[in-house]
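The data blocks that follow each hold one structure.
Below, chain A partners chain B and then partners chain C, in two separate complexes.
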Partner chain A sequence: MSWVARDIALIAAAFAASVVLGISTNVLRRVPLPMLYKNPEARVLSAVSPAAAITSGEPEVLEYKVAVQTWKASAALFVDARNPPFFEEGHIPRSINLPRDSIVQAGSIAALADKARPLVVYCSGEDCDDSRIVAKGLLAMGYSKVSVYSGGWEEWSASGSPVEK
Partner chain B sequence: MRFSACLVLVGSLMHSAYAGLVWETTYREIRVPANEKELFADFGFKNTGTAPLDIASLETSCGCTVAKIDKKQIAPGEAGAVHVRFDIGSRKGEQVKGIVVKTSDRTRQTLVLRVLIQDPVAFSQREFVWSSGGPATPKESIVELGAGARILGVESLNDQFDARLEEMDAGIRYRLVVTPRSTGIPVDTSIKIQIADPKKRSVLLQARIEN
Partner chain C sequence: MVGIRLACGKMILRILIALIFLVAGVLKLRDPLAFSDGIAAFQIFPAWIINPMAMILPYFEILTGLGVLSRRTRSAAALAACGLSACFVVLYASALARGLDVTCGCFGKWEILQASTRVGFVRAVVLLGLSVWIYLSRMPEKWRDGRCAVPR
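Right, the complex of A and B next:
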């Protein structure tokens, strides 16, 4: 074996060893990193249902005036898709917190026991995609009346509408 | 007097022992051109206490913002940074994102990243203020639209205000006129302008009647 072939074999062996070491370390993590990258929407949908990406439809989008009328009439449960510290700092009164990465726990939340109950999902604002992702996840989980309030917390709090802390 | 001085001294010593993380800044404002796709910002800190501190959690206000630290445990005297990546994508105008950092000493710090993305839509006024009980006179803001931008609609988020657009230079310049129906009751709300450039988005301008 020439020295070139020997060096290539050595590099290949070192590479294989580093891959094995990386995978072993990952397996030992409390929450292993995914082997293949999935965008947040794909991650949420595959967590709730393997077929969700195909079966889940797009939720209806509500503008501010419709959202505020719905809230005043208590015609839907508002679902805040932001992370808990932001929910704690202020949220739409009577809403519940269901962050994107906790969606699989939706079934254990008493307020979400009735899958026919109308739900309005919001997040930090129009530029935040989490409300749409959570809404799609809920649709995939069998909730039948899920819509998104696109203006979200930014618009609601700027409108002077009631807030709860 | 001596007792008070002792209290201050003891208080200061206790504070230095448990001072925890001291931040270089908790607010960063960054301007970026419209064509940028992502932005990186660091929030530097130092553990000025006498005990090691763990970063217990890092949470962001939006999935578009990711925050990371190099290591979880910060030794006394050690400095570090929270590295933030903000996905600009097609976002424009002002973006304010929060990052909540919780540490093992049970403190919680909110870091604020304000990103000003070059906006093809400019307003001469972003705030309309009236005095309670004063005249309900109309106030205006000149809206200038850059290439590819158009206005889809204007509405007040509170019925106490009327908001309308007057065309000055078709497709380029408009006058936004905001008028309170009365100034009797203090109100703090927003005027929402829906824009397409080309993606549909909203801009909120503040309107209020104050005491």
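Right, the complex of A and C next:
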């Protein structure tokens, strides 16, 4: 067997081993990946309600000025949709952390017990989609006053507004 | 003397490539969901193949990294590294051409190792260059017993 054929045979063996390892260890995971991929929005919506894609609407989008006024007046609970390490590095004061993949736990968070309470969801900034996804998930879960602060953490922290660590 | 230096250089490069694949594989294993989102961001793969790729590819990268370190499997592992890197280059080039802003999830959720599409493309090209060089460069027999040669 030439060395190229030997290399290809070894690669095929490594790939076969990877298939076996990948599929078998996935089954053993606490939360296995399903075989069919769903995008984050579909994952969140199907996690909160099977009919969520039909029932949930689009959340209202708040600009910075409105978000600051809302925060100053304590007129809404701010929800940080980023992952915990980023929340711990700094967040809007009095906000709670609810990453998109933990949205099913929203019902067990005391601050979210009242579904009529106004909520403002934010994430990193304009390029991040998690605030919209979490907001849509919350709407699907029955929260009635959910909006998105689109500027997010980048705009808030850059504008010199209060931050909490 | 020059031969020993070259052998040392090659060995360091092999260790570097092995580490890149090992670290990338292990971090992806820790967060397969982020990796599957990263694959999907390229908007090139159908939904049915994304999650199987996210399950299998990390192990293939780990085996490639380990293979580069072993004398018996080095050649095959270097060829696998070339193939993987070439795929990354094509994917990033395609994303650049379509104006997509992707973070591949190559290093899980480690933000510090994430990169813009352009940086990711350059990183993939460098990795491909190193992999090809390691695959094509056969260490001459007379250097194999040098100080930096990997024992048989």
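Simple rule for what comes next: the second predicted complex is superposed on the first by the 139 of 165 C-alpha atoms of A that agree within 3 Å, B and C clash if a C-alpha of one lies under 4 Å from a C-alpha of the other, contacts with A are read in each partner's own complex, and residues count from 1 in each chain.
Heads up, the rule we're going with is that a contact is a pair of C-beta atoms (placed from the backbone, for glycine too) under 8 Å apart; a residue touches a chain by one contact, two chains touch by 3 or more.
These figures come from a predicted structure and were not determined experimentally.
Look at A:P84: by the touch rule set out above, it reaches chain B but stays clear of chain C. Once chain A of one complex is fitted onto chain A of the other, the partner contacts of A:I133 are limited to chain B, with no touch recorded for chain C. When the shared chain is aligned, chain B and chain C each come close enough to touch A:P40.
When the two structures are aligned on the shared chain, A:F15 is found in touch with chain C, with no touch to chain B. Legend: residue contacts after superposition of the two complexes on their common chain; A:R100 is shown touching chain B, with no touch to chain C.
Of the two partner chains placed by the overlay, only chain B lies in contact with A:S124; chain C stays clear of it. Contacts of A:E154 after superposition on the shared chain: chain B is touched, whereas chain C is not. Overlap of the chain B and chain C interfaces on chain A: residues 40, 83, 127.
Chain B makes touch with chain A in their complex at residues 59-64, 91, 95, 97-98, 100, 102, 108, 110, 155, 157-158, 187-190, 192, 201-202, 204, 206. Those residues of chain A lying in contact with chain C across their complex are 3, 6-11, 14-15, 17-19, 21-23, 25-26, 29, 33-40, 83, 101, 127. For chain C in complex with chain A, the residues that touch the partner chain are 29, 32-33, 36-37, 40, 47-48, 50-52, 54-60, 63-64, 67, 73, 75-77, 79-80, 83, 101, 109. Across the interface of their complex, chain B is touched by residues 40, 64-65, 82-86, 89, 100, 123-130, 133, 151, 154-155, 158-161 of chain A.
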